[in-house]
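What follows is a single structure, written as structure tokens, with notes after it.
Chain IDs A, B, C, D, E, F, G and H follow the sequence of writing; residue 1 opens each chain.
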């Protein structure tokens, strides 16, 4: 329909295809966009899809898969890593999992290798220190945390690679919907931390992927020199 | 003057004397209150005294001592600890020192033993882990941090005693004058952290002292049983 | 499951066991964590459990008790005080009771003696003054208040022990979800007040308990001198 | 000049003359407005006048008096009360005096009887209780407080007359320039409190005066019935 | 029950009885408090009572009347004015009526004469100017407005009596739940405006009543001189 | 220099030339940009120029004129109106003049006729009503107001032309640097009000000019039909 | 009823009739106002009408039409443009459509020609550049955008006509209900942008219409010269 | 001194040495830390050094170089790029240069190749489009913008590499010290943007450098496979 002007060239321009953001669209609009994208040969993927919406989409779009914890819908079959390097994804608590999984599934569907490490918040710092190998072996890290959001600072002080921090809206009271961990991450005394929007696992995965793609391009261009 | 109604009984009621808060008072008013308190036999102490103000007070109030880094003025001579127990005071950065010293000097002038540990912020977590004995040997901890203010959460996950968190206004941009570390500390996922106002080293010291005094009272009352 | 990394040593390290925070977890996740903790011999306790969630947990976890007003679930039988000293808990209004009871039940389940005093807000100050013995006989005070949150300042001016202030989200309009009493408590002109997050009765109880445990440790260490 | 359109009829319409607000005007503009008002026979009064500005005004406007603590300039000689009733003015701390005096001097220059009671903040509640007669004998109360701003709630719970609350910008950190006491006062659990802008002693005095004038008008209209 | 400590002497102390605030209390708690108050001979009145809650209260408390638009429940029969003077109540829009009626019914149940003037917002200023007699004949004015909340400033510039401003949460977007009209009213360039909390029609009525009671007391005391 | 990339075609594209915004640039940078623009035949104009900066510019850029109240510098001689129509500019108070003059001078230098009306704030609504002809004869209105910023709503309810509202930072306390009037204007219940940034007299003038230019273009295109 | 005081002369005064704002009114109140307006010969139009409310209105008010996407109800038949000129309306995303349609339908019902361009957000700037003719042929532009709200700045840099920016509440996390795009638009470095409230498509259309009406009036007045 | 606990191993752990942050430290403290670092063989670099502070440091620390626009002090001689790849740095305006230069100088001193493109804000989008080669040839981009901060969104829609967005405090009014561009960048509808603190050019450079270092490491590890 003329309500959407899908950016079919985005993959060519930026390396990543346009992805449908579910909220504020009717299931019907989402289904129409999905079909239009599939017909143009694009990757088809939508985020923030609640189970009820998936139930309706499923009837209109064939071969649709639902990643329940990540709230992602996609028409894709293989998810073999297509780029060298590993994205390490850490979460501070169990309640941060939907956001962490949004990052993980987006990254995997985009062709990157992911290593997950859940529930390693700073209140029990040994949980992180005991799993330091995940931090050390990753080529780029996504760190997801709600409440006070202190985990990315500690990780960035240990890691020798770029760190992407994702604040979540998990918490209450003076968390103010994720404002608290957002400010924490922006003020990190450990330099080299890039922050994305509250609950934006998707954006973190795109940035992490962009970093690994760049590494690959640089590698290829140097090899050809 | 009738501009001040000093709460001379506060020490009897709450264990701590009234202390003069400098800002918004003229040097003349401060001096008059100091003299009135001294004449009633009270402890005389004022916080947030800039060097210029001290220079003026010095001429009006004899025997006044100035703790420059802590910005505290006091008429006191001995500062031998009068209570059992130790208050451990940690700062995340060098720039947090004025607040950390306000806490330390207030505690010492009130008769408590203090152990200082400066510049152990979470961006280099080994600095804290290598000095873990300070955390472990304290009976109550005051943790001072600006920027993202993550240190108290990490310390509270390691300590087996009450932790008092003091956010500072050190930082810039999205620190919003100390709002960022304040929210961080209030949302700490490590339970058992009490927070005071931004830059309020004084209040943290009074609370820490109150905790050690309570311990002492409880001890005496049990002994007498 | 690998979605949770329970911090089984927290009791050893900090004196308090890890406690499950309900929001953002599925009943299934909560039940699995509870069973894992019980099997490791830990205390099992979860906060912010709505009646509907309790109904589901009850079927999966045997011997679970529900403290309805406090919204707490626990597997525990005896709650005989195990430490000397009393935690006085005050609430400003009737609507603050869920938070005040969260503090009271947490403290009791952790082995501390609690004395409750409800509905003594500052609009009728005689209600507090007539019950001054509760303030005077406590060894540590938790003061719970919503709306303007003025009660802790008044209490701290009367009490000779540490005061922990808990702002609540009770109120409307310019209360901004508890921001108003939170700021009130942080700016208290009565020194020696430690503040916790909005509605965080649990954290207040852990801090109060930590204070009494410290008193006890100090007592034992001195006795052994 | 045409830069100002003095509202000469305001006294007829609302009972109070227009008063010059100093900030953002050049001394020259203030002096011109003063002379224009004096020539029309109006009361001449300006608030928020710093000493330096007064020094310049003095040279241009004859018979100008400066109330230094209140930062008010006026051409007026007699200040005999012209209305029955008393305005009680209370301040929580010494640092609140400039605002409290702005209220007091405005009220006196407008023909009302004022009773002052300074430095009776809630951290030492006995200071207020010992001076309860001021609260009880006033016909309207102005309560000025910074930091946590809890005094008006306590006073309103004791007083049998209207209470006007004035938050001040005295404080630091989470006071956020007076936001904290402003919210406290708006959320007062004691009904019957009207709040004015931060540091607005002037507005509080006009409202208090308006209340006593109304009482007087009602009295006269009833007498004539 | 011991969950509530009704302030039975409040009427003696402040002229107004304690009134029950509905939110956060169970219908059962409200009914118990109502019965306890009725048995002590107090006036019985509760605010913010939704129709569903009223349906439950009605079965437990006999003779309960419900003012639907004002969301107030009360046991009261006569509402003959008991004090001289009139409270004029103005609303800016139709959607502000629940708050304006909360003020009107509270005032009437407390024994004051009320004159209502609805939907006279500043976007059509002639609506106010054509009804200027309401502004001019009132002894105290309550002005209720949402959205930009400009009405009280305009009214205060016309009125020769105290003005109480009530911001409402009516609006959307940058109204931020009533913050916009609240700030407007606090910054009113027309002096003599007292502001209450967002949507607090009840508090405005108590303050207005307090003003008329004071006028009456002053009148009586003068007559007896 | 390569520090600036002047948008020389902006006039062709949008009808208005690029104008230099002074803050954050050194006087040297400003002078270099001015000279580059003059040499390209552009109109040369800079806003937010303090007197001290003007003093330095004057020595480097010949024929520079300074509009002191408006804080604008320009190389321009004639300011004969070049477009039909009148921009009416109103200010609520005297302290709003710098912003109102920034709008007026920008409009005049851009070739538009301006009619000024200062100090007609809503606290004395007759000042506006008595000058209603200014409102009625304008083709577009700019309304400048600080403090509560209510003037644009009242004007928009009277005017039969577009209204541009400019909040100013004039005020104190809960004005929060102009946030209060900004929110007031955005929430205006009188539709048809466009709002610009706090203190942005310049932007208001460009928008007003754009409106008159559009009217003119439409006129010409219709005439040619 | 006396709950509403419809401003029947608004069309005469300002060119636009009063329009009913749905929220906070009962369907019954809306229907009564509609009938009263229709009987006075006014245009009848209501905004923010949910489908359920429309279902009820339809039974009480004959000939009512519902524009579902725009959430507008109206009794109107012809919508032939009555004024020269075109209002171009752009939206950044698909989810912004309800707001963009509120603007479009309001403008059409008020007699203006509208050209729509949906889903041309800045993340794919070519979508805008490829449709530049819409920007260039419009006489006034309404630009609707949520999330970061950058579209109006880019459009205003390209357009040679007035630009009205409408922030929407579409987004999440640090969008804070539309605060982010609101601030973006207010700070636009492209001058000549007027901003309306978050989601206020209605107000944008009234302002755009006002601009075209002014152009027309100016045209007529010049022709008659 | 014991006031600082320099993290000498940071370079080993994270690839970047500790860098001194100037604010809140006395020149004396800065000099002592510099000398200690130099003696340990560390790179010596300090940010946010005002010219007056540099003047004092220069006397205490030999061979110190000052980058005035960037406000950076360093003891370093060669700045030959040591890593493959280019960091493109864009600024929206001339006033953003101090932040953009902080990024550029930090990157160059850390051994990276930098390409600068200043003053290409979105109000004249052709300035960016005409310099598209800078965007296309960079391996990682740093985009610095104040005011509305829209540039990173547009750039990220064009770039095929990671984008780091730096909001600046340049602006006024509703910019709220950089909050506006910060929110804009966090809400970017173009995925793959990592945001750092307001004015934090330093942190952006470290993150960009970290990305190029990772690319290099990945390259080397693959080559060795």
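In this text, a residue touches a chain if its C-beta (ideal position, glycine included) is under 8 Å from a C-beta of that chain, and two chains touch if they have at least 3 such contacts.
Everything numeric in this text was worked out from a predicted model, so none of it was measured.
For the self-contact between subunit B and subunit D, the two sides draw on mostly distinct residue numbers; the shared fraction is below half.
With centres defined by CA atoms alone, the chain at the far end from subunit B is G. Note: centroid distance subunit C to subunit E, computed from Cα atoms, is 36 Å.
Look at where the CA atoms of subunit C average out and do the same for subunit F: the two points lie 57 Å apart. If you average the Cα atoms of subunit C and of subunit D, the two centres end up 43 Å apart.
In subunit B, the positions touching at least two other chains are 10, 93, 123-124, 156-158, 173-176, 179, 182, 186-188, 190, 197-198.
Interchain contacts (touch definition given at top) occur between A-B, A-C, A-G, A-H, B-C, B-D, B-H, C-D, C-E, D-E, D-F, E-F, E-G, F-G, F-H, G-H. For subunit H in complex with subunit F, the touching residues are 93-97, 118-120, 123-124, 126-127, 170, 172-176. Touching subunit B in their complex are the following residues of subunit H: 2-5, 7, 9-10, 18, 21, 23-25, 29, 33, 167, 169, 177-179, 182, 197-200. The part of subunit C that touches subunit B in the complex is made up of residues 10, 13-16, 19, 84-85, 139-140, 156-164, 182, 186-188, 190-198, 202-203, 206-207, 209-219, 222. Within the complex formed with subunit B, the residues of subunit A that make contact are 92-93, 121-125, 147-150, 153-154, 156-158, 171, 173-176, 179-181, 183-190.
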